[in-house]
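Multiple structures are listed underneath, in structure tokens.
In the two assemblies presented below, subunit A is common to both, partnered first by subunit B and then by subunit C.
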Partner chain A sequence: MISGIFHTTYEKDMALRRTHAQKIRIVIVIVFLLVFPFLANRYALTLANQVGIAVIGAIGLNILVGYTGQISLGQGGFMAVGAYTAGILTARFGMPWWASTIVACFTTALIGTIFGIPSLRLKGLYLAIATLAAQVIILWVVTHWSALTGGVDALVVPDPKLFGIKINTDFNFYWVTWGLVGIVTIAAVNLFRTHFGRAFIAIRDQDIAASVMGVDLFKYKLLAFAVSSFLVGLAGALTAHYRNIVTWERFTVDVSVLYLAMIIIGGLGSVTGSYLGATFMTLLPVLLTNLGRAVKTSFPLIDSILPFVQQAMFGLVIILFLIFEPEGLNKIWKNIKDYFRLWPFSY
Partner chain B sequence: MRTSPGERLLDLAVSGVLWGFRILLVAAILIGTIATIRAGKYTSEQWIDFVVFGISQGSIYALIALGYTMVYGILRMINFAHGDIFMTGAFAAYFLATWMNGTGFIDSYPILGLLIPILFAMIVAGGIAMLVERIAYRPLRGAPRLVPLISAIGASFFLEYAFRGFFGPGVYAYPPIKALEGEWDILGIGILKVQVVVAVAAFIMMAILYSIVMFTKVGKAMRAVSESKDTAALMGIDVNRIIVSTFALGAAMAGAAGVLYSLIFRQVGFFMGFTPGIKAFTAAVLGGIGNIPGAMVGGLVLGIFESVGPSLFLEGLGITRPYQLKDAIAYTMLVMILLFRPSGILGERITTKKA
Partner chain C sequence: MDLFIQLTLTGLTNGAILALAALGFVLIYKSSDVLNFAQGEFLLVGAYVTFAMLAQFGLHWTLGMALTILIAIGLGVLVERLVLRPMIGEPIISVIMVTIGLSSLLKAIVSTIWGNLPKAFPPFIPSQPVQILGATVGADRLWAIVIAMLLLGIFTFFFRRSKEGIAMRAVADDQQAALSMGISVKKIFAWAWSIAAATAAIGGVLVANIVGVSGELANFGVRVFPVVILGGLDSIPGAIIGGVIIGLLESYTGGYIGQGLNQVLPFVVLIIILMIRPYGLFGQEIIERV
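Right after this comes the complex of A and B.
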């Protein structure tokens, strides 16, 4: 009778995929992702792309908030840095989209690190406010520096091209997004098998203890900001190339809250959680809209209020998850797995 | 903890950069100020106008900041939804005042027409804050510090968009009060009536709050709970009740501030709480969070700084249209205080336990 998963060698304990079932699940997910675009309609592909971009952003934020314990409300601002860097370089200077994306990632990492400097002195609430200030300052610069960003007007970005093929359909872009999601996932999972990742986790759990153990807080906190912003910048740059248009409205505080909601609902400190949260939060509005349509005939009032209440739902969902399942969807997923592994003899 | 010479050098470099930054900032302010004064673009009357506007706006910030500071004092948490509670107060007053304006009540009894909406806003805001505390904060009281903060962000988001859902994304105009239009002549200087009334009302509210906290039984209990929840409970204080009344009291102040704010700016909208909320938080931090007189001082300082600052030192530095940078001043100030003196003007040094 198996009562749990116990590893008897270090190799097994350190392995990326620890169990047989995990391997099977990963294969199923990959096969699904490969087959999906051929079966789905355009609308589903659009959603899939949005989910993919959200997953990258959520993993980025989760590295900072979930793994390193440094709260950030600057997500929207950092995404704006990524999107505008990529957009400006491609639209104004004719840089190929992949090159501008790479530059955007590094630029965002740099800016994120700069705004991460206060984290050396500030914790928790104060850091949240300082990163919120970063968000406000970045957005203010974006809307007022018209010469560079186009101010409040939208910045139009040409279609990306790869090997001479225009990536202007959802079907083509799907491969770019999800290819990058794959790379980011492998990188993120591996990050927490290295000493960098373990240092991040040590800082989250007890920063003073970590510092006593020889973790240089200065270095690793900034590194966490850099790595996290790098991925967030990637998500921003992808948004720019995917939408062909960059406007400041896409990067407001709401976005910061939305991403925070994603990782809380998905599960802090978990890559799987980032997937679940990003998917859930991107599809929630769609579900709500469909729900509204379904009940339109019987309850016309709900249909008229629903579009506005959608965003309010985000707030409510955050609170409810914090109260009833603080570890997020990831925990629910674990419970389901445990239930079936131990079935029929739970306990 | 740091011993190696390399790390000590790094520390030295960091503090060097920070000091350089401080000196640069002070120098920029000084140079800008001197340049503006020498240019002599503004008359002394205009300067007084700036200051009066700063005081009336600062007193509103102070009123909101009181709520932040009191809740922080008791629960060591930032009530992120406070700015939105301010908004609910403004909305409540708007609907009542519009109805009263329709019946002609405000024109015939201007003082009551001002006081009744304020009272109503205080009650509504207090009630909503109590609900928010009950639903979003109380179940999470034992959780790690970050959790209530995130829950507060959720509550803020919920309030904002629920109001947008019910009342639409538009901006409503607060009904005009005729008795408050025009200027009063004080010592030969014309000052807008609204600003005087707002500042006076805010100061009265602050005085009431201060005496509640200092001289009543509830206030004494509040101070006891903020010292130590456990000891207060041992002394027979119902901690939950005190926490709820702190929320309600702070929210009532914010609700009143919402009415005063809409008297000056005449606009009521679902997003109106965000900027004043952050600025009031800045004010609370500026004065030393957890410190009630500090919040009042911080609000006034921020208001005056924000109102005088753009034309005083930004224009001197050759920045055109400095008023657009008004909000940036507040945010820069916030980051600077958080970095250099997180304990604020009147605050004690913040220990790691509280931070």
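Right after this comes the complex of A and C.
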């Protein structure tokens, strides 16, 4: 029997925050996020912005892969669509950054839906291959449609402005990123309390049963692709405005793999897991770089092999998590909570 | 006309190379239902190990190749035992992801040992140009065709006639039934991975001989997807014919249209095939429809 908290009424079961401990924790997290930028240095703020963008992208991918069960290796391509749409509209047509971001979200949702069409006939690894093809095709278009995207050259995007203030520092951008992270989180958590979200989960668990129960697979699968790509496009557009530069190298298949790793290591089908995974995978290479600097005096060779060490750790972390904790960091977090709740009578 | 013959020859040889890369991929899928995203890295390991044997240790090529194949078999068994066996019964996404993690790890290990600068491969396969019907082609490319055909023959025979080959097909068909007939499924998986790693090593050597030893070799891991989907994921003749078709397609579009279209067209074909005939030309029609 699984121990934990069980609910006896539907109201409680449907509630967003179910226990007092959860409410206290969420307040602590929010207070921390509000105070953090005033205490942190520029480097920490840069990392915080990267983590924020990764969280949005990871939640987007998790809606598709973790909640709806449609494997996608096209994340990098969809982010490219978002980034290039936002970048081109702002840089070439002078559209305000927030407007171009919104357009980018809808464009990515559209492209994502188109590449989601194969999901109506394909499942599992065949779908993974189809989305991998989408990634290759999108990146090819981006690098070859020079008239629009600038081809393999970088596209320079001007600094975003809000209420007459230039958002060109990490401190300013922090509020944009994490404000959006907050909105996306609330939207994602609530999505799974509506019939849309429940239909997604039903498709993941047993698609035939879902369709027997009246879930229109055609509609909801494409909807899952659209919602997911919308958020992925948002992450892409934010990258464009944050970095002020859009290059195709940021959206290769490695990015698709990175985001899949985030949600697997964080925990599939969990918003908390998306947070944990995005933070972990963004900070891991940073941590390794700093470790490398620390041991540089005793191992002068470390500089030349550091990128390979990062790559090896990336692979190793994925393999170890899948073998030893396939449900990811979210499960570890749950185990920790259970341990303290049951202490000293854990079994 | 000359251009046509030239392009056809180039396409055929490229197709043979793609087919070699795809062969190990199909073998693993055929016996264990695992999609190996690390196939490109197996090519990479094979090429670099041979490079080390020949150029760094100065061994004769026969000895070097034999050692490489032994090392590849060891690698295959090791990967199966340590990484893939715990994944039995896990969801598809975990299995896909674990091979992706493996590809990252193998690539990093290779780069740590040999660096990531391209290297010239020690020429033990003759590569002087040969004239065929007025077109010129390197002899090493012809060897790729010969070896691909040879391996096709060996594996067709292996799966039709040998005890291990039939056991592999049995495992692919129904693991439970195979177990109850006294077949060790674990041993079969180890067989499949070591054969796949060995084929990939041979493929890696042939490719490296033509394009040089560099990290680029791992890109073949992605390029084989159109080949195996076109041919059918579980069909060995499919891998060869798919390789040739994709090779010719790349060659003709590259020669007649250009503009890098040859890099993307195979993937457009891939999506079309997946939409209308997901089991490919020669695959078994057991794909689950949604």
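The criterion applied here is as follows: the second predicted complex is superposed on the first by the 337 of 347 C-alpha atoms of A that agree within 3 Å, B and C clash if a C-alpha of one lies under 4 Å from a C-alpha of the other, contacts with A are read in each partner's own complex, and residues count from 1 in each chain.
Criterion: a contact is a pair of C-beta atoms (placed from the backbone, for glycine too) under 8 Å apart; a residue touches a chain by one contact, two chains touch by 3 or more.
These numbers were taken from a predicted model, which means no experiment stands behind them.
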item: Combined model on subunit A: subunit C and subunit B, fit or clash; value: clash
item: First (subunit B), second (subunit C), both or neither touched by A:A133; value: both
item: First (subunit B), second (subunit C), both or neither touched by A:Q311; value: both
item: Touched partner set for A:P326, first subunit B, second subunit C, both or neither; value: both
item: Touching partner for A:V212 - first (subunit B), second (subunit C), both, neither; value: first
item: Touched partner set for A:W175, first subunit B, second subunit C, both or neither; value: neither
item: Contacts on subunit A seen with subunit B and repeated with subunit C across the two complexes; value: 71, 118, 120-126, 128-130, 132-133, 136-137, 140, 144, 253, 257, 260-261, 264, 305, 308-312, 314-319, 322-323, 326
item: Touching residues (chain side subunit A, partner subunit B) in the complex; value: 69, 71, 73, 118, 120-126, 128-130, 132-133, 136-137, 140, 144, 208, 211-212, 216, 218, 253-254, 257, 260-261, 264, 305, 308-312, 314-319, 322-323, 326
item: List of subunit A residues in touch with subunit C within their complex; value: 65, 71, 117-126, 128-130, 132-134, 136-137, 140-141, 144, 207, 217, 253, 257, 260-261, 264, 268, 305, 307-312, 314-319, 322-323, 326
item: Subunit B - residues contacting subunit A, complex; value: 1, 7, 10, 14, 77-78, 135-136, 139-140, 143, 145-147, 149-151, 153-162, 164-166, 168, 274, 278, 281, 285, 324, 327-328, 331, 334-335, 338-339, 342, 352, 355
item: Subunit C - residues contacting subunit A, complex; value: 35, 83, 86-87, 90, 92-94, 96-98, 100-109, 111-112, 222, 225-226, 229, 259-260, 263-264, 267-268, 270-271, 274-275, 278, 287-290
